[in-house]
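Okay, so chain A shows up in both of these, paired with chain B first and chain C after.
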Partner chain A sequence: MADFVRTYNAVLVFMAINGVLAFSMYAVLIAGQLSLAQAAFASIAAYTSALLTINLGLPFPLVVVVGVSVGAIVALLLGLPVLRLRGVFLAIATIGFGEMVRIVALNLDITGGAIGLRPIPKVVTLWQAYLALALCACFFWRLRPSKLGRGLAALREDEVAARAMGIDVVRYKLFAFTVSGAMAGLSGVLFSHFTRFIAPGQFGFERAVEALLYAVVGGTGHWLGPVLGGGFLTFLPELQRQLGVEAGWLRPFYNGLILLAVVLFVPGGLVGLGRPLGVSRRRRFGAAEKAAPSVEAASPAGPSGNGPLVRLEDVGKSYGGLAALANVGFCVERGEVVGLIGPNGAGKTTLINIVTGLTQASTGVVEVRGTRLRRTPANRVTSLGVARTFQQTKLFAHLSARENVAVGGHRVARDTFLRRLVFVPGARRDEASDLARADRCLAMVGLLDRADEPAERFSYGDQRRLEIARALCGEPALLLLDEPAAGMNHVEAQSLADLIRSIAARGVTILLIEHNVRLVMRTCSRVLVLDFGRLIADGPPGEVARDSEVIRAYLGTSADQPSSVPEAGP
Partner chain B sequence: MQQLVNGIFLGSIYALFAMGYTLVFGVLDLLNLAHQAVFMLGAFIGWLLAVEFGWPLWAAVIGAVAAGAILGLLIERIAFAPLRGRPDAHFAGLISSIALAIVMVAVALGIFGPQTLRFPPGSFPSARVSFAGATVSVLQLVILAVAVTMMLGLNWLVASTRLGRAMRAVAENPRAARVLGINVERVTLITFMLSSALGSTAGILFALAFNSIRVEMGLAIELKGLAVIIVGGMGSLPGAMLGGLLLGLAEVFSVARIGSGWRDVVAFGLLFAILLLRPHGLLGRKRVREV
Partner chain C sequence: MDGLRWIAILSVGALLLAACGGDGGTSPGAEGSDAAAGATDTPSQAAGDCTLDEPVKVGVVFSQTGPAAVYGSTQLNGAELAAEEQNAEGGVTYELIVEDDASDPAQGIPAFEKLINQDQVSIIMGPTLSNTAFSTDPVAQDAGVPVLGVSNTAEGITEIGDYIWRNSLTEGQVIPQTIEAAVGAFDLQKVATLYGDDDSFTVSGHDTFVAALEEQGVDVATTQTFAKGNTDFAPQLTAARDADPDALVVSALAEEAALILQQAAELGIDVPIIGGNGFNSPAIIEQAGEAAEGVVVGAAWNSASDDPATADFITAYEEAADGAPDQFAAQAYAGMNLIAMAVESACSAEPDAIRDALGGITGVETVLGEFSFTESRDADHPAVVQIVEDGSFAILE
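Here is the complex of A and B:
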């Protein structure tokens, strides 16, 4: 064993260093962000730390701290402007940043230019490298089940829905980016103090792609992925050497093939192949369920102000020259169940998007619980106690039903990550109560027995009910339902009506958008009618159903034939 | 004046490369990072045909273009087609195209080795033309002519032919295009083939212009190509042309003013400025996102 370690010391250390780099990639991938700046962060940290060691002779632990901090700070500074970009644009911007860093390192005197820096004392030992790797692994092990970890997963699955659940998307992305920078920095410090020599070429685009390679091949579904990916792919060339096959082109060749095969055929990566790990997690969730104390009713929380819950005054919204809404004004009082109906394209969803902060009104005043919305981001509106469902369901497809609902509880859940990280028992209790709350909401919509199934496996009607459970988990004062009955059959719609009534009975105010007029008439105490962006009726269901303008909007008949709408009766 | 001519010349090659990039992005909303490998292989294949097989230069160029089209077909089939319908297709396609590029570069490295290949002396006509104080070789003029012809040809194709109309329809909405009877699969394949043909043309022209062919040549232009399409506007063909020319000129003048070491900072500085100030580029369209 000792012999083995001595012979393969370098390979073993590199396996750990590359694993740390893989973790820095993992940090952004689990938040759904494809950033390729890891090599650049590593480079900046490597140069900074090497210069500190060479010129100032600082002790190594201090150098590590500085290197990690530098990586984190640079990532934060880059992230502030760049994280507004989505998808490929973020990838391109970070590639560009990496290239700039390389060019700067190539041209400065202090970095030694193309020749690089040497000699850097070799101080990294095997156990230090593995300690670093273990710390990174531990970080993500503790992160995943916390509120923060769940939020990052939600962000990866669907950014808009994550925002609507009250997650501050920008802050979460910045967190992922900063962690990524810190870990890349760590790998850079280890690298420079092990190889004794650094040059700009070692941190170019190829190195960034290597980080991606390790993380993706290892798999992003589990915190062990980067360890496996970094280890496996670093060990392969050694194996190749042992077999006596020497060719410069061979390593990139099989690396590329492996990456291609993983992306196309095993999206879960190496950890995805070993499913048993998933089972243990499920068991832990099961335990949380049992730990849940007696079921207390979910009740709406938050400050109870006076005045209307929602107030719209003269609201207009136009897209280009097209007016989606014009002069819309109404209030929703506490405890009401208000129906919002209108033909397709009448502006119903636009209205909901305005009330939830996903879009801004062009003109007019929007107030939610006394707070005037002016470019207020959706997550802030949610924290006022507003929850919604989407017309086209926006669930977090790969997360379990329970996790979906737990994300919905973001507003009322306590942050547990830092306490988890140092194993404070209170964190565990908080998490158990979060999951218990999620389970209660699942039970309300009758999906508790399928809590562990991923949302993508649910039928259309069940997905809609799951969305309602997710919205309820935030214990909202106001619940906006965007066509919850769409695609439901008669029986399902009937049970939905019962569900809506039971939610209302708990004191939740509801704004229901629906095409199913019968459902609206049956559940709502008041009905608003939109037509071509204008509010044409506002009143009790029976009255609205007899309104001549409403009948004309719906049936296109002239006002003197009111008898043709018997269907709309209560 | 000489600088200006050099800048236009270099810029036209960048533009040609970037148009291939942006074509795939504009029509299919995919970023194909294997495009750089096509550029590199186009140069190698042209060299192989001209030097090893003794083809005349014009035939070697045509051969390289054809080979590029075939590479495009392979890239689509291997790296993108299997992902169709997967919710993470954009992400996964980016990564799988990087993977395929690594493989292609490795294969080139295995076949041609790491050294720089050159065309033997006397391969090119040596005539030079002077006008308005600048000197241009006939070769450069031919390269410029080929690049400009191909760019204009592509613009015409997309703007005025049945195929181009189908491509624009797919760009607008693939599902609707399918309903209207457009063979989306075929349009996708053709788009990739056209794109790669442009990439490989840019590769062989670059090789002729600088008489230097290396395995790493794709990487440098890939990063510049990204800068070009961002600056010009993702998915915009005229934008890619404009961006390519701008970058070519900026590089030539920055070499003259601030030294060659810092040349590439200009490209990426431009990239950043545009990304942050005007993410849809100079000539790109703002996409309206549906909630």
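Here is the complex of A and C:
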């Protein structure tokens, strides 16, 4: 063993250093952000730390702290402008940043330009490198089941839905970016204080791609992935050396071949190979299952002040020349079940998006629980006690039903990550209670027995019910349901009506948008009708059904028989 | 799980990180000077009389993949040719253990550690690139294993320690001679310079050129730069042409060098082009063809020498490998022969003995000409200034 460690010391250290870099990539990937600035963060930290060591002779632990902080701060500063970009645009912007850093390092005198910086004392030992790796691994091990970790996973799955659940998307992205920068910085400090020499070329685009490869080959589904990915790809040249593959073009060729095989045949990454061996997601929720779900009502958020829950006055919304809404005004009082109907294109979804803060009204006043919405982000509206479902279901497809619902409880859950990180037992209790709350909501919609299945496996009707459970978990005062019965058959719609009534019976105010007029008539105490962006009727169901303008809106003609209001949607 | 226990473990870990901080410099290599003092007492035998039972293990780290593979492949040919010739002579035989550093310091370090710890080689030849050497050579220095660089031209390589040697002339040794000869031949008043500003090799080459030009009183009319991987040099070359220089001084790697020559010819630049070490390969002449005519380049090896050793080397090389040898091949060939001289004069495969014997090498005949190591373990041998004539290198008169 000692012999092995001595012979392979450098390879083992590089495995750890690259593992740390892989974790920095993992940090952004689990939040769904494809950033390729990791090599640049590592570069900045490597140069800063090396200069501190060479010029000031600072002690290594202090240098590590400075390097990590520099990485984190630079990432935070870069994150502020670029995190509004998504997908490939974020990748391009961060590649651009990496190139900038490389060019600056090439042209500054203090970095030694293209000649590089040396001699940096070699201080990193094997155990230090692995301690750093272990700290990163521990961070993500503790992160995943926390509220923060769940929020990041939700963000990765669907940003709009995550925001609607009350997650402050910008803060969460910045968190992921900053953690990524800190870990990249750590890898840069370790690298420079192990190789004794750094040059700009070592932190270029290729290094950024390597970081991505480590993370992807290792797998982003589990916190051990980066350890495996960084370790495996770093050991590969050494492995080939030991297997007697002659130095030369064959080694990079085999590297490429193995890479291709892993990506093609082990899509979850190397860590996916361990799944059947028991690293399953089911086990992680053992604690929650013990906390037997008592099927109790999700208690609505306590009343805040008097007055209507929602008040709209003269609200208009136009897209270019097209007026989606005009002069809409109504109130929703506490405890009401209000239906909102209207033909396709009447502006129903626009209205619900305005009330939840996903879009801003062009004119007029929108108040939710006494708070006037002016460019108020959706997550802030959610924190006022508003929850919603979507017309096209927006579940977090790869998360389990229980996790989906638990994300919905974001507004009322306490953050547990920092306490988890230092193993404070209270965190565990809070998490158990969050999951128990999620289980109660699942029980309400009758899906508790399938709590561990990923949402993507649910049928369409069940996905709708799951969305309702998710919305309920935030213990909202106001629940907005956007066409919950769309695509449901008669029987499913019937049980949905029962569900809506039982939710209302618990004191939750409901705004129901539906095409299924029969469902609306059966469940609502009051009905609003929109047509071409105007509110044409507002009253009890019976009255509205007889309203001649409503009938004309639906049938295009004035009808004699009020009962001929259509019963089904599109 | 017991939370407090974990807190304790983490705290201990943090302390450990702090405690290990100061450690690192100490290693067996630090006692190198004592070993050297002892080794000088060993009676040395005249070269050729020595016989060792075991083959002497020589580690060879050249870049066979990555950007520097162009140089690494001919280096390996040169080293292997010399080892074969030495083995054929008998007495002492050599086993080359070849590793690839993939032009990457991060792969060079494990290669060095493997050669030192696992193969326990007597000496290491390489690595190809100076950048890699800055990371790898301290490993050998710490372990007390001598290194002979055969292509490292950057300043500061041998300053890494007293186990680090090289037989490659630095740019600072070759370039002033080149400029001096070119000034004499073409009566240069002002020149334009062009260099890659993102590579340590081309940047230091350019710096050395500028210093040498200044010394000779030649003005630099314009300085143009490009980046690694560029393929279009028309803007820079046009600007250089418009400055109406007496010559164009170019510091570029082989890949860019051939393109620059071709495009300069297309733009009608007919003044002499003076190149750095990157131009020092027959491959450039092959790629640039007609456009390479008249290129002036300083070299550590005179391929047109009348010395029979050079002619023999070229013949043997062409037989063993495909194609003509370049300077890198010659330097590796000479390097292996210098190692053999050191081993045989010490008559030992001990790293310390070899290191001491290297210090005793002065005025020996190599394919590079009469060769000595300087006090600072650098190379001392005549450089040549070459000009491309009729598709091959000739001495600039």
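FYI, the second predicted complex is superposed on the first by the 520 of 570 C-alpha atoms of A that agree within 3 Å, B and C clash if a C-alpha of one lies under 4 Å from a C-alpha of the other, contacts with A are read in each partner's own complex, and residues count from 1 in each chain.
To be clear about the criterion, contacts are C-beta pairs under 8 Å (C-beta built on N, C-alpha and C of every residue); 3 or more make two chains touch, one makes a residue touch a chain.
What you are looking at is a predicted structure, and each value in this text was computed from that prediction instead of being measured.
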Partner chain in contact with A:116 - chain B first, chain C second, else both or neither: second
Touched partner set for A:249, first chain B, second chain C, both or neither: both
First (chain B), second (chain C), both or neither touched by A:133: neither
Chain B versus chain C as contact partner of A:488, first or second or both or neither: neither
Chain B versus chain C as contact partner of A:34, first or second or both or neither: first
First, second, both or neither for A:96, with chain B first and chain C second: first
Which of chain B and chain C A:201 touches, first, second, both or neither: second
Partner chain in contact with A:260 - chain B first, chain C second, else both or neither: first
Which superposed partner A:503 touches (first chain B, second chain C, both, neither): neither
On chain A, the residue positions that both chain B and chain C contact, one per complex: 103, 106-107, 247-249, 251-252
Residues of chain A touching chain C in the complex: 6-11, 14, 59-61, 64, 102-103, 106-107, 113-116, 118-119, 121-125, 127-128, 131-132, 134-135, 138, 191, 195-197, 199-202, 237-238, 241, 247-249, 251-252, 422-425
Chain A residues within the chain B interface of the complex: 34, 81-82, 84-85, 87-89, 91-93, 95-97, 99-100, 103-104, 106-107, 160, 205-206, 209, 212, 216, 247-253, 255-257, 259-260, 263-264, 267, 319, 349, 353, 358-359, 397
Parts of chain B lying in touch with chain A, wherever the complex brings them together: 25, 31, 78-79, 82-83, 86-88, 90-92, 94-96, 98-107, 109-110, 114, 219, 223, 226-227, 230, 234, 261-262, 264-265, 268-269, 271-272, 275-276, 279, 288, 291
Contact footprint of chain A on chain C as seen in their complex: 1-4, 6-7, 10, 13, 16-18, 20-25, 64-65, 98-100, 102, 105-107, 109-114, 117-118, 131, 134-135, 138-139, 154, 156, 160, 197-200, 202-204
